[in-house]
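The data blocks that follow each hold one structure.
Next come two complexes built around chain A: one with chain B, the other with chain C.
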Partner chain A sequence: MTTPPALELLNVTKTYGNVAALRDITLAVRKGEFITILGPSGSGKSTLLKIIGGFEEPDKGEVRINGQVINNTPPFKRPTSMVFQDLALFPHLNVFENIAYGLKVRKFPRDEIRRRVKWAAELLHIEKLIDRRITQLSGGQQQRVALARSLVLEPEVLLLDEPLGPLDLKLRREMQIELRRVQRSLKATWVYVTHDHEEAMTMSDRVAILNEGRLLAVGDIKTIYEKPCSRFVAEFLGEANFFEARVTQVAEGKTLLDTGSMLLLAPSKPGLREGEIIQVMIRPEKIKLAKREEPINRSKGKVLDLTYKGAFVDVKFETEHGYVMLARFTSTESINIGDTIEVAWSAEDVIILRCR
Partner chain B sequence: MKRRLSIYHIYAIPTTAYLLLFFYIPIITIIVYSFWIGGPFYEFKPGFTLENYVRFLTSRVTQNVMIVTNVVAFLSFLATLLVAYPIAYFLARVLKGDTGLRIILLMLIPLEMNYLIRIFAWRNILGEQGFINNLLLTLGIIDEPVRIFFHSMYAVIIVIVHNALPYAVFPLYITLRSIPQNLYQAAMDLGSNRVSTFFRVTLPLSMPGIAVAFLFIYVPMLGEFAIPALVGGKTFLLGNLITRQYLDVGNWPYASAATISLLIITLIASFLVFKYMGVRRLYE
Partner chain C sequence: MSKIKLMLAGFTATVITLLIYFPIAVVVVFSFNEGIYFLLPLKGFTTKWYEEVLSNMEFFESIVNSMIVAAMTTSGALLVGVPAAFSFVRLRRNTPFVGFVLLPFLVPWLVIGVISLVFFRTLGLQLSLLTVSLSHIIYSIPLVILIVAARVLSLNPNYEKASMDLGADRMRTFINVTLPLTYPAIAVAALITFIWSFDNFIITFFTIGTEQTFPIWLWGSLRHPTQVPVITAASSLIIIIGSVVVYLLESYRIRKGIGITLLE
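What follows is the complex of A and B.
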């Protein structure tokens, strides 16, 4: 018998009045996995987390933990724990008392409480702050306390609702690495919610992309970034050049596309019919400065704008085919506004945006 | 830094004048009186003596009155709290939006009615021929009117609970409202059911409101004289003692010494409450 997933959502649906917050969400999370639910604000990701934590009830569908349906279990009996968006630390308790809260409520023996709090405080490097008041802590330290407060309970599933939101960029990067370290060392199942795709990339084993209550893509971030199946997902994870094209020829493994002014060669996808109009995408970093003889997957254009970004430079140029495209080159290339550049890309970097 | 008078200091004049006229001058007058040489029937003379204070603080009678006053004040506070907390909890946590605040405003309307008239109204309810006794007689629960509700300490406490209720509900409502919603969720998430959440989160965090309610109820009770006089029967509190000394006995220096002593006790009590019960959290 195979072990059931640590967390399983089956056809979870939630509506507020006439607004569908979540539509038919099905997702399985393995034990020990760090999964990020990524979506813009209002996509339903916090609602999803609240449903897992037990603060909201789904209209339809099931939530299972280790194979057991927990739809009717109140939050205080669920084997989940949540790190809240604004942390929700208890202002009348000090660091120790905050971390010990769940253990005290569960009537753990005093020694066990002390041992576990010490363990969590050491894991998160806050053992020196244990007697401080919450108001005496910095933002980053408060994060650590909130995390420790949940971790001492050894939850089956830890839920994190954009906990790094209020931190400044540098601290955020530090905490991302720290969170990843803690999660790996505990081999615990974490569900992390964020709208920041870079954060998702840094930390997660897998990413689930949510928009308007729908799960658009689930998988490892590299696959989703490189081969997104919809324009929304492609744009959400980074910049891209989009084209509408007609399928002119489907041969073995390759598809020839015509945008009207430019010919593209792409890897074929099952189900493509000759003559249909489809959307394709090329990531800016896949575009190379190169001359190519045959008139496919190449272009020539005048540089309109340059954005220096440290290691690389973003080049916006208007092509002879009438498109404004974005390419990303290493900063060592000497390009100036007004220059004419010739570019090319390989067939596997032309991505057909189609989910089924 | 050098302080210089500017045109803006003019704005402070009305307030200063008001405080001076109605607050500082009377208090200073009473302080001065309290050191005069006392005697009954308005036969007191200017002078300087500590005799009044010594008499007030060492007399067995006044000490007993002090104890009774504090007991009644504390019981009144507890009784009011027991009634006000559930009301405030309901208004702040169960009702949505501003509905709770509107209901509190409705609760303030009876306060517009004269204080003495409100107390007299209670005589009609609690009295020997009052509503409660008539009801109990009609229902056959008692054979003759009972006096437990009237001319007793209980009557004093009942009337105070009624009078003080808005003063307790309001600060409690404000503190309960100021507790972030997600703290309740966090408590539930960490394993607290409703009862545990109440005792571990809600109650400790509403301490500032309880402290303010304490000040609003306990402190005025130390000087209360009308309620015990009208419904309290033999209940004789510090306020009654002072009133009697001013109006009946006519020993103003002694009454003034009692007043100032009471003022100092009140100030100390308020200071302690402010310092140790987290009242500052309310406005920080």
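What follows is the complex of A and C.
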């Protein structure tokens, strides 16, 4: 018998009045995995976290931890712990008392409490702050205390609800790396919620993309980024060029597509029928400066705009086929506004957006 | 800009001093005046009015009675008002009940005094310090609700959620988190109720039996012109004791670092 996943959601559905917050969510999280629930605000990601933490009841479906259904277990009896968006550190307690809170209410012996708080404080480098009041801490220090307060309980699943939101960019990056370090060293199961795809990319083993209460994609971020199955997922994770095209021919694992003015060759997908209209995507960094003789997967255009981004430069150009496309080249290329450029891309970089 | 602010602050301080503290100072000064009339020029320094007050049993009894009434009123008002404040906020609904409970706040004290008297008489209750407290409680409950509910309302609900998430059930969460975070408001409500009840004359006047509270004793003494200097001495004593209490509370507040914001 295989061990059950650390966390399992089965057909979880939740509605508020007439609004569906979550629709039929099924997701399994392995023990020791760092999974990020990624979605725009209002996508239902916080609701999902609240359901796992026990603050909301699902209308339908099951929540299981280590194979055990915990639907009707109140939050104070669940082996989960939550780091809140606003941290919710107790302002009337100092750092030590905050971290020790969960252990105290669980009646741990005094020595054990001291030992565990010390362990958590060392893990998060806050030993020196242990006697401070919460109001005397900086934003980053408060994050660490909130994390320590949950970690001392050694939860089966740690839930993090966009805790890095209020930090400035530099501190955010630092904390992202710090969180990853702590999670790896503990081999703990973490569910992290954010709307920031870069944050998700930095930290997670796997990403689950949520929109309007639906789980659109689950997997490692590289696969989802490179081969998204819907326009929403593609756009949410980065910039892309989208085309509507008619399937003109399917043969030998390849598909020939016609956008009306441009021909595209793409890897085929099962179930494609000749004559149907589909959506395709090409990521800007897959477009290369190149001349190609045959009139497929190539274009020529006039540069409209340049955006310098350090190591690379974003080039917006209007093609002879009547599209405005975005390409991303290394900054060493010398291109000016008004130049005519010739571009091409490989067939495997033309992604057909279809989920089934 | 800061100059204008400074001038405004100075102006406010002057007005407050003149309006509030000058009349009080006059009373204190006259309590040491040898003459029995409230007239200038002062006749000479004496402490005999204080000696007279301190040997007056009625004065002490009235103070003790006022303390008893204030203590009973405060406990009663907190006992009803604090849970009511919590349920108001937890219901999170604008029910007509809110206005209904706050109504006594708008009823003139005289009216509360008269209806209380009629009510107690109808019930056949013997007028006593207890009836005084009951009539005070009617007025104090809305006060407690207003102060405490404002604090509970501004309390971040995530504190309680975090407590439960960390393993504390509802009861422990209330004791460990909710109560400590609400207690400054409860303390303020208790203090205001106590002082208000201690000082109240109008409602007390209607609902008291044969005993005297401090304001009632003061009012009774006023009818004897020779007693006026004794009253100034008694009033001064109360003012001095009050100042000491305020000083102790304020230094405690500052030492504990409890901000004004906690008292809202």
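Quick note on the criterion: the second predicted complex is superposed on the first by the 356 of 356 C-alpha atoms of A that agree within 3 Å, B and C clash if a C-alpha of one lies under 4 Å from a C-alpha of the other, contacts with A are read in each partner's own complex, and residues count from 1 in each chain.
One rule holds for everything that comes next: a contact is a pair of C-beta atoms (placed from the backbone, for glycine too) under 8 Å apart; a residue touches a chain by one contact, two chains touch by 3 or more.
Just so it is clear, the structure is predicted and the values come from calculations on it, not from any experiment.
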Chain A as common anchor, with chain B and chain C clashing or fitting: clash
Partner chain in contact with A:Pro74 - chain B first, chain C second, else both or neither: both
Contacts of A:Tyr16 with chain B and chain C, given as first, second, both or neither: neither
Partner chain(s) touched by A:Gly102 [first = chain B, second = chain C, both, neither]: both
Chain B and chain C footprints on chain A, overlapping residues: 53-55, 74-77, 80-82, 84-86, 88-92, 101-102, 105-106, 149-150, 153
List of chain C residues in touch with chain A within their complex: 156, 158-159, 161-169, 172, 176-177, 180-181, 257
Chain C contact footprint on chain A (complex, rising order): 53-55, 74-77, 80-82, 84-86, 88-92, 101-102, 105-106, 133, 149-150, 153
Touching residues on chain B, where the partner in the complex is chain A: 180, 182-183, 185-193, 196, 200-201, 204-205, 207, 278, 281
Residues of chain A touching chain B in the complex: 53-55, 74-77, 80-82, 84-86, 88-92, 101-102, 105-106, 149-150, 153
